[in-house]
Every structure is written in C-alpha cells, then in structure tokens.
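Read the structure below first, then the notes.
A, B, C and D label the chains in the order they appear, each numbered from 1.
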Amino acid sequence: MDKKNFDIVRLHHAEVTVTDLDRAREFYVNGLGFFVTESDENHLYLRAIEDANHHCLVLTKGEQASLKHIAYRVSADEDLDALDELFTTLGVKKRWVAPNEEKGQGRALKIRDPGGIPVEFFYEMDKAERMLQNYHLQGNSKIKRIDHANCLITNIDDLYAWYSEHLGFKTSEYTVNGYGEEENIWAAWMHRKPSVHDLALISDKGPRFHHIGFWMDDAKSILDACDHLAALGYYANIERSPGRHGTSNAFFVYLRDPDGNRLELYTGDYFTNDPDWEPVKWHLDHPQRATFWGALPPDSWKKEAVPVEDIFTGELLPIHTIRRYEKI
Amino acid sequence: MDKKNFDIVRLHHAEVTVTDLDRAREFYVNGLGFFVTESDENHLYLRAIEDANHHCLVLTKGEQASLKHIAYRVSADEDLDALDELFTTLGVKKRWVAPNEEKGQGRALKIRDPGGIPVEFFYEMDKAERMLQNYHLQGNSKIKRIDHANCLITNIDDLYAWYSEHLGFKTSEYTVNGYGEEENIWAAWMHRKPSVHDLALISDKGPRFHHIGFWMDDAKSILDACDHLAALGYYANIERSPGRHGTSNAFFVYLRDPDGNRLELYTGDYFTNDPDWEPVKWHLDHPQRATFWGALPPDSWKKEAVPVEDIFTGELLPIHTIRRYEKI
Amino acid sequence: MDKKNFDIVRLHHAEVTVTDLDRAREFYVNGLGFFVTESDENHLYLRAIEDANHHCLVLTKGEQASLKHIAYRVSADEDLDALDELFTTLGVKKRWVAPNEEKGQGRALKIRDPGGIPVEFFYEMDKAERMLQNYHLQGNSKIKRIDHANCLITNIDDLYAWYSEHLGFKTSEYTVNGYGEEENIWAAWMHRKPSVHDLALISDKGPRFHHIGFWMDDAKSILDACDHLAALGYYANIERSPGRHGTSNAFFVYLRDPDGNRLELYTGDYFTNDPDWEPVKWHLDHPQRATFWGALPPDSWKKEAVPVEDIFTGELLPIHTIRRYEKI
Amino acid sequence: MDKKNFDIVRLHHAEVTVTDLDRAREFYVNGLGFFVTESDENHLYLRAIEDANHHCLVLTKGEQASLKHIAYRVSADEDLDALDELFTTLGVKKRWVAPNEEKGQGRALKIRDPGGIPVEFFYEMDKAERMLQNYHLQGNSKIKRIDHANCLITNIDDLYAWYSEHLGFKTSEYTVNGYGEEENIWAAWMHRKPSVHDLALISDKGPRFHHIGFWMDDAKSILDACDHLAALGYYANIERSPGRHGTSNAFFVYLRDPDGNRLELYTGDYFTNDPDWEPVKWHLDHPQRATFWGALPPDSWKKEAVPVEDIFTGELLPIHTIRRYEKI
C-alpha cells in the first residue's frame, strides 16, 4: 500500500436523529450512562467514559430515526486539505463544515461516500473531562468509547476498493458469497485503528445504517448494562441477546433506542496491525460466521436498518435493492 | 408448616437417557467438563466440580432422550422409612431400589409423583474426589454442582400442594394465570435447599422433563462454556442465548445434548430460607417474567421437552394435554 | 447429631460501633451501596440488595470501633424460648431484648457466648423493600447479603464443641496446629445455612472481632467495588488486596471502615449440607491455607481486630492472650 | 512531530534467559498456556492465543534470569534500512541479525538503546496457527498477546527524549518527581500502538528489566490464571496480588517465573492515539499512582529486577545506581 499524505486515526463519533430529545436523554444518559457535554434545543452532545473530547455521539432532533453522519478523526489539520484534494480528484460529493457548525468541533469535510454513507473528516475538537478513573461517577452501563459503524450498501466491490485504495483502510475479516468463480465479497470489516474495525460494510438494501458499536471492557460490563436497562423498563430495547460473533470474535448485545436507531455494546476483538496480517475469510454459509454460538438473531436484527441523510439537504436518501443474496 | 419426621436436603442427581454413550461422553465430558467417576456398557456416572460423591448425573443408554429419574438426598437413612410410610399412606406408586442397583448408591425409594415425574430418595452414596481446588484439572466449562430440575405437568394445583404439604418444599417464586377470581397457579419454583429452587413445576403438556439446571459460579463462566462448546462444534446445541430470567433472577444459557435432553447453565440466585419469606408472585402476562432482558426464546425452548419413564417398566409415560393456557 | 427443638437459620445481621455517623454513612452508603432503611441520632439501619427485612447491619454511634453483637435468625418464635431454656441449663449469661429495642426487630435473646462474643437470637423483623431486580437503583458496589462473622477467641476447643453440640452448627473446614498427639484445632468454619460458614472461630487474643463477610455475586463485582471505593478516596481502606483463600475457597477483598471495623467482600463458596460431608482439614503450616495465591496479607490484617462489647454494660470486654501459636 | 521514514508497529516479542528449559516449559506452557511453535535444545519459541506468527516470547537456556532482548516489529522491510541509517547517524551500537538467527524471523537490527536496553527491530516472521477461536484448545490461562515491556534505567531524560524524537514514540502517561523548578521526569509510559504502552521507562538502578506485560481480555481471565497456577503449585510465583494501577488504569497481577523473570498479566487500558492527547501526569507522591486501590506491593516487586544482556557478547551489563529518588 502506498503511503498517503493524510492519516485517518479512527472512527470518532456519529450523529443520529431522534424524534424526542427528552426521551432520548432518558435512554442514552440514564440508561446507557453517556455523559452530556453540552445540549441545546435540538441536540445532545454525548461522550463516553474514556473520551477526552466534546462528543462521540450527537443526538439531533428530527422526523425519524436516521444516520446524519459518521465522523473520522485525522491526525493533522492539513490532512483535511489533502482529503479535500483527493475527493475533488475522485469526483466525490462534499462540502466543508464550518468550525462549530457541529458544536465543539473545528472545520470538517463532509462527503457522501460512493456507497451513499454520509461521512465527515475533522481534526480539532474541544477537550472535555475524561471520566476514566472517576469510577464513582460512572453508572451501571460503562461504555468506554465508540468503536465502529456498520453500514448496509449495494455496491460492496466498489466501496471496498475505494476505502482500501483511496483512504488506506485495511481489512481484518471479510465474508464471501458464492463458490469458485462465482465467489464475490459480501461483507468487509475494515479498520484504521488496529482493531477489527472502524467500519463494517455489508451487502444489503442500502444505503442504510445498521448500527454503531460502542466498546465496553468485558462481557460482564455488557451484562450489567442489560440488567440496568431492563430494570429501567428498556427490556424490549434489547433486540438481540448477548452472544459471540464468528466474524470479529466480538461479544455483543444489540439495542434499539426509542426511535429504532441500533447500538451494539461490544467487546473482545484483537490487534490487527501486523504488516503480514491475512484477513480472516468467512463464507456466507458458514454456520458460525455471524453467530459463533447461541440462538439466531431475531428477524428485526436481520431486516431492519435506518436510512441515511443527504449531506446537503438533510433529506433521507432513497434505498435501493440489490440482486445479490441478501442475508446478515 | 408442621415438622416432618424426615428431611429432604436437596436435589442431588438426575438420570437421563442417551442413545449413543460415546457421543454423549464427548458432549458431557469434553464439552461440559463433567468428571467420569465410573462407566460401564450402559452408563456414565458423572460428577461436577464440587461433588464429593459418586454422581450428580447418570447417562443411560436407551432408545430416545428421556428422564429416567431425578433424585433427592435425605439427611438420614431412617428418613427413607419415614418417606416410605408417608407414600403408603398417600397411595403413591413406589418401589425400593436395592443398594448399588444405581451404582455407588445405597438403598433408595423410587416413586411416581402425582404429576407423573419419576423421583428417587436416597441417603447413602460412595464418596469421590472433590475437584473444587484442583483448578488445573478443570476445563473451560466449570460446572460446580446440580441445582434444580424443571418439569412440565398437567396438575399444578395438586402437585404444588403435594410438595408443599407432604414433602415440606417451600416456594420462592410462582406465576399465576388469569385475574381476580380466575387467577390460578401456572408455575412454582420450589426448594428444599435455601436457593430459588430444587424443583420447578410448570403447567404444560405432561408429564415432561424440560431441563436440569447446573450451577456455575458466575456469568463469565457460562460464557466461557459457550465458547468452548462452540469451538468443539456444539454451536447448534446452544439452544437459547444467554440471558436473565425475571423469575428466579437467574443468568442462564440453555443447551441440548446430542439427543435433545436440555440443560441449563445457571447462576445468580439468592437466599430463600428466612422464615418470613414471601414468595415472589409473577403474572403470566408480565413481559419480564421469563425474559428479564433480551430477545425471546426460540420456539423449540418453549415447545419441546422430553418424556419421562415409568419407574416400574421403564416405558415412556403418555403425555397429556391440559386446557389451561400453555406458555412458557 | 440429635435433633434440636429449635432451628437457627443463618447469621442475619451485625451491629458495630462507629464514632462518626455521617462519616460512616458516607462510607457504607455512598461507598458500599448499602440502603438506609431507617436512621436516628445514634443509629443507621442498613440493608443489602437481597434483603427483604429491616437491616443486616446496624451502625451505632460510640467511642471506638467495636462489635456490639452479631445476630442469628431462628425459624420460629418459640425457638427463642427453647434457646432461653437451653442457655439457662448451660449457665450462659443472657438477657431478653424487648421488641423494637433494636429497631424493626421483635423480641430477641442476647447472650455472651462461652468465647465472649455477644450474640443475639431473634425471629421477627419488619419487612423492607427488596432491591434485587431494581438494578437501576443499585450502585457500583453490589453487596447482596451478609454471609458470616469471623471472631478471634482464646478457647476454641470449648467453643467449637459448644456450637457443634448445643447449637447444631456444622463444620465445613477447619485448621489444626501441631502434629500427631500434639495436634489441636486452631480454627473452624461453622455453618447453619448450607454455605461454608456463618461463623469462623480462630484462636488468637480475644475475644475480638475480625470481620463481617458480605456476599457478592462474583469476583468482578468485588473488583468493581474496589474501583468505586478508590475513586471516592477510600483507597487506604482497602486493607488487603483481592485474592483467594485456601480455606473456604473464597475470593475476597478486605476493607476497614473509617473507624477500623473490618469487612470482607466475599464470593465463591459451595454447598455444605450433604449428610456425609467431611470437613476439609488444613494444617496451620499449609502454605495455601489462608492465601491460595497471591502475596501475603499486610500485618494489620493479621494482627488487628476490634474488641467486643459486654451485652449488659456495653463496655468493652478485656482481651486475653493465649499460649497457643498465634497466626492468622 | 515530523513524519518518519519508518513505522514501528508495536512491541512484538521478548527473549529472556531461563536456567532450566524443562522447568520453564512447565511454567510457561502448562501454567500460562503459551503454545510451543518450535523448540530446540536451547530455546522454546512460544506464542499466545492471538498470535499469527512464530513467537511473542523466546525462552533461552542460560546462566541466570536476564533479558536478552525485546523486539519491535516495523511495517515494511525497508524500514529496517531507514532505522539502520538513523542509528548510524546517532552513533547507536548495533548489529544486524541474519535471517533465522532468531528462528522464524527475517533479518533484524539489534541495538543497545541509550539506556542500555537490548532492542531488536524486524519485519518478517513465519506465520503460525492463530488460536483465537480455538477456545477448546485454550487452557485456563488465556494470554492473548504481548503488550509491553517495563525497563529500569538511569537516564530517563535522555532516553525519553530519544524514543520521542528519534523513534516516534508517544507518551500516554508519565510521572514526575520534585516540585516547581525541581520537577523532573521519573517515569514514562510510551507507545507506538494506540494503547497505554509498548515501553515503560522508570528511573532506578539500571539497566534492568522489570517485567513483560501480557494482555488478557478481562480481570476474570487474570483471576482464572491465578487459580490455575496456584493449583499447579505456583502459588509463590504470584508475587503481587491482583489490583489496579493508577498509572495506565491497568488491572494486573505480577508473576515470577521459576528463574525470577517477572511477568505481568494485564488488562484494561484505553485508546491513546487521538492527535490532541495530553499525557496524564502523575506525581511520584500521589498515593494512588502505582496502586489505585489495595495493599502496597511486596518489597521484592519494588526492588528486584533482572539484568540485561550485551547485544554483542551476551554478557550481563553492569548495573548503575542513580542519585535520584528511587521508588517504584
């Protein structure tokens, strides 16, 4: 891989739409233990236990559940210019976001990636108090940091190549469909930080947003969060019971917020940055691929996902079907 | 409650039928970490990590999955005579089991309880090496001891009264169906040892055997067992994903052995022996009753259970339906 | 063992002296997560997560750290009369405690046991809300219930026999000192509930109170409590690092409250009520007896303990030395 | 920080001396669960559960416990030439290691860093089977990967600057001694991978090697390893009880191998690669710096460390004292 003149550090935050901010605050703050850095009439800026910056999650009031954008942090301000130049060359739709247009954040470059996903790149963000060793101020749901985003798109071959070649993403694991000459990529777990992923791309009706994954320290912390959520009355928001994925080796639970945006509480991946890393290959038919053990997911988990927004108009992008075998 | 002239200590072991002993050994010993105390052509006598006696589980070769019996231990040999007398008075079908007819065990009294469940009472059993602090000899599935049996029966009113009044079982939690004057008992968690249960009785087609519950120290141990089983290829034997029950507050996972006998790996209950204990009452309609959080169980878990054997002939007892609302 | 005409259920609560109730509330409620059922100028009545009664711990204002009493619950009110009669016969110092003299509690019988320990027996106590499934109201220190008391006494032979013969305590594990004909009992773990212990007796300068043990569900919960306490500034109150005992197999951490009363957070014991249980025997010289793994305890843990009170005068009983080899 | 023409990925392996390979195999393989990739008369090449390469730890037969070298992996073969050039410029003592001189490894560049530590850089290593999802082949000690090395050196100012400026290491946390104008760096936690550290440098008599840290998934896994080791008889090898560090926030236990080489089982750090990361500053006097909670470490942990080898002669480097306040 040739050296880039920019460096994408990691997936840093996401912005999703909620229809009722009070109800959302109840879920995300009381239920999931996020800390509110700032809020206004239309937004909640949330951070997790490890975060030393303004937010890792923005909830924005709107008409229905949707992904407004995901954001990657770069390692230097000039990386944004290098990316801008690259996207001009590639003909990618983009716009600059002014400093503080997203509160607490410096200038940012927003694009619609070739799969339709609204993606932002930024360097600067206000600092905020890190709660890591303030154990006494942490609740029963101990989310440490954002980990990854999982998107459903209709053009995985193109998008996989695009992230690999142009943005320097590496692949930790991937799934193929078909056999022999018919074999083609069905999904890819791609990363910039040396974990399993910052971004998962899956072939399905799209563009849609399947979930944001948040890191917890261990399986017990994930179970504790379930107990806490259930006792608060959010039992039906626990969409998929805890289990282990084959792909990524993650221990997970999946939640839906009151509007239907999906979250994963996630732990258990591994170091992926050795230079001779060979991506783990799964076949779509492998029975332990998605569910290493335990019962299969409910239909909602396989079929439901939220739309994504147009970075210019804020309207929801139309969702296209694909001919390929669809199956999460 | 009047004082009995016998003392039932706890559920001590169970005997189930398997069709292939080698395959069963693979699952129970390699997969679940049971220790083989003794075996012969038709039996495997297994014990768990805490056990200081010959067995807590007997696998017996036969035609199909079934429950051959569950056994309670009493605190003195003469308790068996007191029980024999009681059962004569009550007109319960019974027979004496000679010492060593069940290997390693002294004389025992076997009955068909009024719900049809084959139940044994015994006092004496050979000692065996306890593995509790032999951590180095324990595998990845660390089952500590047997905890309870869960049976489906058609006459809960009678059976609940029978275990309460005649055998001195107490109730930790129970479920009712219907409202007001229509309310009736649908299920009961009953115990002799001061835990949530030695015996769960549930109204459903019966008599059938739903599962045996085995105790593990904590949730992490249950997850470790899942990883180990799945890596051995037993992923499809993990019937219901880990979760928490409302009733009993247990953290669980449910497994099926290769023949379909069901096991629960269980942790997390509480002390139930205070004299003013008020049984926890659940309504069948309470959404957190069976599943405190997480996705609902698969249909198989709700609908499938194995038959039980006649204590005289070894034949399978016929299964009766009931008119009551059936729902686990 | 002959049948008694009374039944001691379990160690149910303890009362210790603290010199500053506000400071103690900070530690026990904010730090350890106890729930305050009631309080007055001189007392805090606390309960743990599982408790359905008024208190499992009473903090009483006084001059210095000390044990005021430990209390066992009996299974019927008339058991108290049977015990009264027994203690009269045995010449044990005793007095009746009027209903509500200890708030929320019915009549009780208080004795000085032959080792000097102030012990109470009671049957009735007011109910209180059980917090078991109110996970959202639980803090980071999740104490489930009281488990045992650990006392240092100078006459173990007598006291061990006394609890065994007269009160029906069983022994799960014990430690001997000396070899061959010189062998004698140095410590005993005794129980009424079928766990490792309600009461540990250890030969040392006495009578003194070493600690109360509280049950937590698992090791992770104990570590979470340490993080929470340390973040609150109570790091120096964590006297002995987490570890495992050989005797009892417990996973533990030891704390000192701001006055020096010692608490153990405890998990991991086993079922002890099988009728052929053979007490586990340890020799005082066994290197894994007290510390199954990990570094040895600090001197304070071995040498410090608080005095106990006279049940009549409330004065502290004098502390006697013994000739026997002293070593925890 | 200016861009380097090489990229150091992470600490990748270490080589330590043991005096008895059979005894060491017993400890590292049976006790700690390392997998043997290859062995010969004088070496054991070990890998951990996550490793997809030949080794993360080499045990080499010799006269006494010592560090032979630690090794960093670079992201391209030509990085080695760039480093060679850099070291020439800097006047660093170095030598090339031929391919397979260290089994399974390509060419490597070995240096004596300015603190005296023997350090190797390499790119290529043979692949080996990764055991991550072979849960059934993993034992009770589940070491996932190597995490960091901890070295005692006498010239921290120089060495800290050297790793920062010349090799591109970043600092996650550091400790200062003295106040105001007297303040100086006492220790630094430095990283290439985005974790707390690949390398910890501490001011003390040196050069000496304090420990290698290995990553485990969670605290429970560390406790399980302790149980397993203790049951095998290695209780005295558990030098320091489990606890949490202030610096790094790690949950740890410290072990000594049969020769005295020290290992840390480690979990719980955090993401450190955000471009505005501000190193966490601790003062040497902060009571929660080294021990966030729990008892203080034993003297051996503070005072003992093993010597390091000369990269040319294999002889042990002399150990120098420093005038600065010495305290771990």
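As a working rule, a contact is a pair of C-beta atoms (placed from the backbone, for glycine too) under 8 Å apart; a residue touches a chain by one contact, two chains touch by 3 or more.
Just so we're on the same page, UniProt names per chain: A, B, C, D = 3,4-dihydroxyphenylacetate 2,3-dioxygenase.
Everything quoted here is computed from the prediction, not taken from an experiment.
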item	value
Shortest contact path, subunit A to subunit D, counted in steps	1
B-C or A-C, whichever has more C-beta pairs in contact	B-C
Interchain centroid distance [CA atoms averaged], subunit A/subunit B, Å	43
Chain centre separation in whole Å, for subunit C relative to subunit B (CA means)	33
Inter-chain centre distance, subunit A versus subunit C - centres from mean C-alpha coordinates, in Å	50
Two or more partner chains touched - positions in subunit C	133, 218-220, 227, 230, 292
Residues of subunit A touching subunit C in the complex	30, 133-138, 140, 218, 220, 224, 227-228, 230-232
Touch list for subunit C against partner subunit D, complex	218-220, 223, 226-227, 229-230, 235-236, 238-244, 251, 253, 287-288, 291-298
Subunit D residues within the subunit A interface of the complex	9-10, 12, 50, 52-53, 73-76, 123-125, 127, 132-133, 144-145, 193-194, 217-220, 246, 249, 267-268, 270-271, 273-278, 292
